[in-house]
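What follows is a pair of complexes built around chain A, which joins chain B in one and chain C in the other.
Right after this comes the complex of A and B.
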């Protein structure tokens, strides 16, 4: 069996099981599954662009918030799916403008700039609401059924993974991987890097916008502080990195682990949750830079050797001091 | 506006600017020397502030005495963090680009860790104490004494750091490492010793800034993040790795913010600083004061 066929089969099996979930599971499990689908979509689409090109974008929460606001404003005038499409479109449009301005900067500059732009958008919308409309936040009056939201998010997650599978095999995906490996060489070999980068950035922004549009109705009340929360962006990056940003299934696995962790720990001990999140991130970057998906028996053996080596060093140093 | 109120406005800008400069100098030392963009930098400022607060309120230690103590404590913490995290990261990262990206991620982790640790330890409330709060009149403008003290100390420490970097052999080594890491290593400069030391000094500076801030303003576990962002803005203004640029950039940003807030309104403050930040990064990514 070809790897693509295997991936597709796994995807459909998972999707079928997930689609049946709301019919028998409790309210709590469904809400957990929603968080899980949200982060699965966000982080696998993030990994698609940022994992392969190694442009570290922290702007996910900006697109998420734009999507959420769009659907909050548009849902009274148009049907559900159209509102989500509009959210995705506006987020993608913002990404094209933002990308055209910042995608020539690499590395830390890019990461910091995307973070700064997210904060700028958040503060601008807060300011606008305070000064012009006179209210901070909006209450959503028209809210679709829970199962509709669930199926929409499931659809988005499946679409994100399908896009990931398809793009990885296309010229577009190869061009992005080429940019990640060596941007100048890719350019020399005839890749229009600027266009590819902007297209990739807009693609993941569209996903984040759609997820934001779908999730906003779950909360019934939104304000800039919740939907533009930079933490949404951080957690997306975290999940993708811990899972293995350049892999297909890594972000998905990590998203499941994290949503379960988040929903169970966050309510009882939010600080402990955040601290373990930070610790996990540090440990993961230090000891598993390729992510969970790169974990093999060999990695574990390597760790074993490292620990044993560390002990031996410690003992030999002590022995030297004793002498 | 009268001369006195102009003076008051500019001086209050300089006072916040002094703190900005101090925080930015520390961050700049870490980024300029080691390429560690320490997003958790402001969190260590918060730790410095809380250490001073606790020492003053429970043990009755004079906050002024806490200035060197918090520097040393935070510097020790910096040495430990560097030893545990960044040393391994330097060794395992294949290229500088990858090191930078990984360092950024690690410092995000540190930020979560430190901030929430402080929240569990001290709780999320606003705290403060009174120290030298009597007003002093200078040329028709009035300031509380602790703010003047803050400005003077911030400027003295920043100036001292710049002098040390410019005049001593250690400083020469640091500057050489900033210009060309490989070249400096070939000349026999020991990065294994200088990197942890400078990382520690960076955190120590942010601890001092926190200590000074706690004398004047109320403190809370979430106070650090805005200062990180401001420090980022300042080092972009002054140029990554330029110490005098960070000092000038910090003071300039403080004054710009004060004047901008006076003529528009306070809720525009963060919008203003992010606007400046993005504008500068797009227009002159190497800093305002760099001549090419």
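Right after this comes the complex of A and C.
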């Protein structure tokens, strides 16, 4: 079986199981699954662009917030899916402008500027709300059923993974990988890097915008502080890095681990939750640079040997000192 | 041919802050030429190459490929116009296999270009550069001299008209240098490529090229056949020394 066929099979099996979930699971589990789907979509798509090109974007919350506001404003005038599509389109349009302005910068400069622009957008919308509508925050009147939201998010997650599979096999994916490996070399071999970067950035912004548009109705009340929360962007990056940003399944696996941790620990022990997230990141960066997805039986055996070897050395040294 | 040179630099100057790396250099290259560029360290050879391939934008001056103005264009536009290059330190995609490295150029600049049968696909290019046996290895795993060959293969995969070679013979053994020179000559003869070749080892270069440009402190001080250049008083004073002139 070809790897792509295997990936597709796994994806559809998972999606089928996830689609049946709301029919038998408790409200708590469904809410956990929603968080999981949200971050699976955000970090899979983030990894598709940022993992391959190594441009670390912290702007996810900007696109998420833009999507959320779009659907909050548009849902009274248009059907559900149209509002989601509009959220994605506006987020992508903003990404094109933002990308054109900052995508020639690399590394820390790019990361910091995307974060700065996110804050700029958040404050601009807060200001606009105060000046024009006289209130910060909106109550959403028209809200679809829970199952509709759930299926929409599931659809977005499946679409994100499908896009990831397709792009990895395409020239577009090859160009992004070339940019990540050596951008200038890729240019001299004929890649229009500027165009590829802006297109990739807009693509992942569209996903973040769509997720934001679908999630806003879950909260029934939104304000800039919640939907442009930089924490959404940080968590997306953390999950993708912990899972393995350049891999297909890594971000998805990490999103599941993360949402289970989040929902079970956040209420009872918020500090432990944040600490375990931090610890997981440190361990991954130190010992699993390829992320959770690169974990194999081989790796575990290697670690076992290292630890045993370490103990043995320690004991033999102690024994020598004792003599 | 439309009568235009394949690549033309008109009065190209590149400045980095207060330093003038390339100072008003003009040169035109005709189809099928095999030219060398020599000069002492810091003479501006690589910077001139960077300007010719769009990697560095000239501070002033103009660049044309077959009469089309390319000044200020991004490197991929140069590649699309048939200008390919290698880098002094091989910049292969270390994690990709040798054949995937070749495939990269075929997928982008080389995609819609007419190609000789020697550049038909990955296998034919691997044959040409002699890396068939290494095709499946990751590029990081082959020897430095094989990486130099791979660099040339990657450039050839863009199916160029003009090839800029930056010190491809550096660090090679004598027999490897000879093989490299044979390969370069073959590229020119069989693919009708224009080749511009920078080399620090002057003797090697003078033996194989038909035209030499000498750069000194960013300026072009000579341009002619190897025999003319080694007799040029300015070149001898600046660079070659008397013994070279006698040897030639």
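Simple rule for what comes next: the second predicted complex is superposed on the first by the 296 of 323 C-alpha atoms of A that agree within 3 Å, B and C clash if a C-alpha of one lies under 4 Å from a C-alpha of the other, contacts with A are read in each partner's own complex, and residues count from 1 in each chain.
Simple rule for what comes next: contacts are C-beta pairs under 8 Å (C-beta built on N, C-alpha and C of every residue); 3 or more make two chains touch, one makes a residue touch a chain.
Note that the coordinates shown come from a computational prediction; the quantities given were computed from them, not determined experimentally.
With the C-alpha superposition on chain A as described, chain C and chain B fit side by side in the combined arrangement. Contacts of A:282 after superposition: chain B is touched, whereas chain C is not reached. Of the two partner chains, chain C is the only one touched by A:175; chain B is not. Of the two partners, chain B and chain C, it is B that touches more residues of chain A.
For the three-chain arrangement built by superposition, the Cα-centre angle with chain A at its corner and chain B and chain C at its ends equals 80°, in steps of 10. Using the contact criterion defined above for the overlaid structures, shared-chain residue A:190 touches chain C, although it does not reach chain B.
Legend: residue contacts after superposition of the two complexes on their common chain; A:120 is shown touching chain B, with no touch to chain C.
Residue contacts after overlaying the shared chain place A:66 against neither chain B nor chain C.
Applying the stated contact rule after C-alpha superposition, one finds that A:206 touches neither chain B nor chain C. With chain A fitted onto itself, chain B and chain C come no nearer than 5 Å, counting C-alpha atoms only. Within chain A, no residue touches chain B in one complex and chain C in the other. For chain A in complex with chain C, the residues that touch the partner chain are 171, 174-175, 177-178, 181-182, 184-194. Touching chain B in their complex are the following residues of chain A: 54, 56, 101-102, 105-109, 111-113, 116-117, 119-120, 123-124, 126-127, 130, 234, 237-238, 241, 270-272, 274-275, 277-282, 285-286, 289.
Residues 53-55, 74-76, 78-80, 84-85, 87, 91, 93-96, 104-105, 107-111, 154-155, 157-158 of chain C touch chain A in their complex.
Every residue of chain B that touches chain A in the complex is listed here, in rising order: 35, 37, 85, 88-89, 92, 97, 100-102, 104-106, 108-117, 119-120, 229, 232, 267-268, 270-271, 274-275, 277-278, 281-282, 285.
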